[in-house]
Amino acid sequence: MATEGVQHVALSLTDHLPVLVVLIPFLAAPLVVLIGRNRLAWPLAFIAAIGSFVVSAQLLMQVGDGDVLSYHLGGWAPPLGIEYRVDAANAFVLLIISAIATVLLPYTRASIRAELPERHIALFYALFLLAFSGLLGVAVTGDAFNLFVFLEISSLSTYVLIALGAYKDKRALTTAFNYLVMGTIGATFYVIGIGFLYMATGTLNMADLAERIADAQGNRTIHAGFAFVVVGIGLKVAIYPLHLWLPNAYTYAPSAVSAFLAATATKVAVYVLMRFMFSVFQPGYTYEAAILHLIILPLAILGMFAGSFIAIFQNDFKKMLAYSSIAQIGYMLLGIGLLSETGLTAAIIHLFNHAITKATLFMVVGAYVLRSGGSFYANLEGMGRIMPWTSAAAVVGGLSLIGVPGTAGFISKWILVQAALESGAWWIALLVVASSLLAVIYVWRGVEVVFLKPPQDDVDRREAPLTMIVPIWIMAAACVYFGLATDVTLSAAQAAAEGLFAGPLPLTVEH
Amino acid sequence: MRHHLILRVITKLLVGMIMLFALYVQFHGDYSPGGGFQAGVIMAVAFILYGLVFSVGQVQQVFPPWLVHKLVALGVLIYAGTGVYSMLTGYAFLDYGALSPDHPEHGQHWGILLVEAGVGITVTAVMVSIHYAFVGRTPMISDEEW
Amino acid sequence: MDQFTLPFIIGHLNYWLFTLLMMTGLYIVVAKGNLVKKIVGLNMFQTSVFMLYISMGKVTGGTAPIFPIDMQIDPDVVYSNPLPHVLILTAIVVGIATTALGLALIVRIREEYHTIEEGLIQKIELEKATREIREFGEVMGGGE
């Protein structure tokens, strides 16, 4: 706090970066509403996304060598004040979110115009920016309760974004309602958990919490708090039996929204889970280790198989991708559940690779929907001939989803298998490979429909517009690039995993 | 449409007082329980009461929906703008000390005043717009069906 | 089991009430088919958490945590912990937003489905899905 007698040191622009990354899109959202013109909404959103992207790239560079940036909101020092805390792990997550949003925004122009009425376009961008800044806020904050607030900002705007799909299919409304009920239960569980932790420790700052929890092994209030937090965040992550909101939400939301959510929302929730399991609660915390081994690990494996298996029997391309997401979340949880640094690296790198892979595939589906009017396999027959560029990107994305060598998906599964072998669980490594074989089946079904069937008569026989092709191919190229140039993502993920595994640096209290 | 006479008269009397009370809660929030959230809701109640007793059309003449929507955004911008101002002057985001560098305590007063004004505007507008959104739908029950 | 004495039970009254209210709310959300009732249940569930936090902030003999205007703080005065209240103020706002959005969705659902009973909605959706499978499901035997 700036009290009298203490000479104030002026902060420079670089000091403000941790708050700027959230603030830019957060300021742009009300501006879009205030201006209210459809034509200005998109440029504003795009500029804000680029701004966040540049800032988060800058942040990642600053924390690359293990530094931790701390920003005190309102000048109030933690643990009393809200702290924004950037280390290698969340800088990486920030970069993923802002990069996806930046690439996705040009794509939204054509897609949204086709799927939403004209009068909603400016409001769509305002909501998109709110969801975006909410997700960034979840990643950047170092305060457990502030995290809840950002989680709800992003969730509430997400519910509306999903409900916007009602202009194509009225089931979007019931889907959004179910997601609202489940998401609110999840968030409330999280708040109960935080309440218990606060009761036992008297602090909400994550770094401070970590210190005090380490001192209080075996406190049953903290155990209860941990359980509530894991279940609450587990709902947002869509851990296998808590996934019920996800398939319909991704299916009936507007295509651009599905792409954004699939690539970012669950990823941020996975990050929160990692943050709580490895930073706030130390890996050495015995109660947690038991939970991870007995609950998270089996559920992850169950999710991997159940998700893939259900995906095989879908007749809607979007729904197939949604169920495949549940399987892929299983891989990330598996990495977390192995409770080793390699496993955590695998989880983080899969978080990144799956984000770009699913973004590619959902954007491709959006392009198909634009031309054929639906995402059922029957609508997509023969689209490979009508839309060669889009479909080629679909193949790249599909290969990455399977984990074929040379694509991003391979790297993460490779490290996951390594982590499994490292911890002596060779059967887990086998299961990872086996579930990848299931991915071959569902991806092949899509490829077969798109390439080997004759086109239907009543579709719009044009390639997708350039504003869609370019973002799709940027993402598809990223799938290949990060499959070949592995050291970029690998070193970032390793730094992130190390940072998380070592626990947070002790809180620097300035008095 | 001349029934509900008592309601109409009382409402006309009350609306002004409700607004005055809202302003009191708003500006006395520094020293006593109160502030933007509460004041905003009380202020919105004045408009909602007027809308319920008279008609949505009449209250929307006073407070048109487009203005409500702009005010939602404006309030947030006032709040965030305060923070941005303190950032521009070299303080942390939302450090009210920036508003009065020589006397940080006065800065706290100014900061709270500005931020609460933003909160008050947004909460009023949000509450009124929720009301408009719900009553603007096709009415299921008309006055005669009671 | 000797810890469950009467003073223990009475001393933790706020937790018992919190648990009761929380489970009631959760039960309503799960068991009731009417969408509005689900929102009511959700509200109860959230409110129980507000009560947990607020009772947590109570300090025995504590007064309202407002400093006297002349800032002459008497060290003997005990103040309640204001932080949980502040947190819950935020959570209440989030709760209002959730309720408003949930009710707005119900209004839209009623306009589209002409019902707000979950069972009937599911029936309509099932019919729709069956129709879709008949129409689109034949490709490669995808229809279940």
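Just so it is clear, A, B and C label the chains in written order, and each chain counts residues from 1 on its own.
We take it that a contact is a pair of C-beta atoms (placed from the backbone, for glycine too) under 8 Å apart; a residue touches a chain by one contact, two chains touch by 3 or more.
Only a predicted model underlies this, so the values are computations on that prediction, with no experimental measurement involved.
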item	value
Farthest chain relative to chain B (centres taken as mean CA coordinates)	A
Most extensive contact between chains (C-beta pair count)	A-C
Distance from chain C to chain B - Cα centre to Cα centre, in angstrom	25
Centre-to-centre distance between chain B and chain A (centres being mean Cα positions), rounded to whole Å	35
Shared-contact residues (touching 2 or more other chains) in chain A	none
Chain B contact footprint on chain A (complex, rising order)	2-4, 8, 10-12, 16, 19, 23, 26-27, 29-31, 33-34, 36, 71-75
Of all residues in chain B, those that touch chain A in their complex	69-70, 72-74, 76-77, 80, 83-84, 87, 89-97, 101, 103-105, 107
Chain A residues touching chain C - in the complex, by the definition given at the top	145, 148-149, 152, 156, 159-160, 163, 166, 170-171, 173-174, 176-177, 180-181, 184-185, 187-188, 191-192, 195, 198-199, 204, 313-316, 374, 376-379, 381, 445, 448-449, 453
Complex contact set, residues of chain C against chain A	22, 26, 29, 35, 38, 42, 45-46, 49, 52-53, 56, 83-84, 87, 90-91, 94, 97-98, 101-102, 105-106, 108-109, 112-113, 121, 125, 128, 132-133, 135-140, 142-144
Parts of chain C lying in touch with chain B, wherever the complex brings them together	64, 66, 69, 89, 93, 100, 103-104, 107, 111
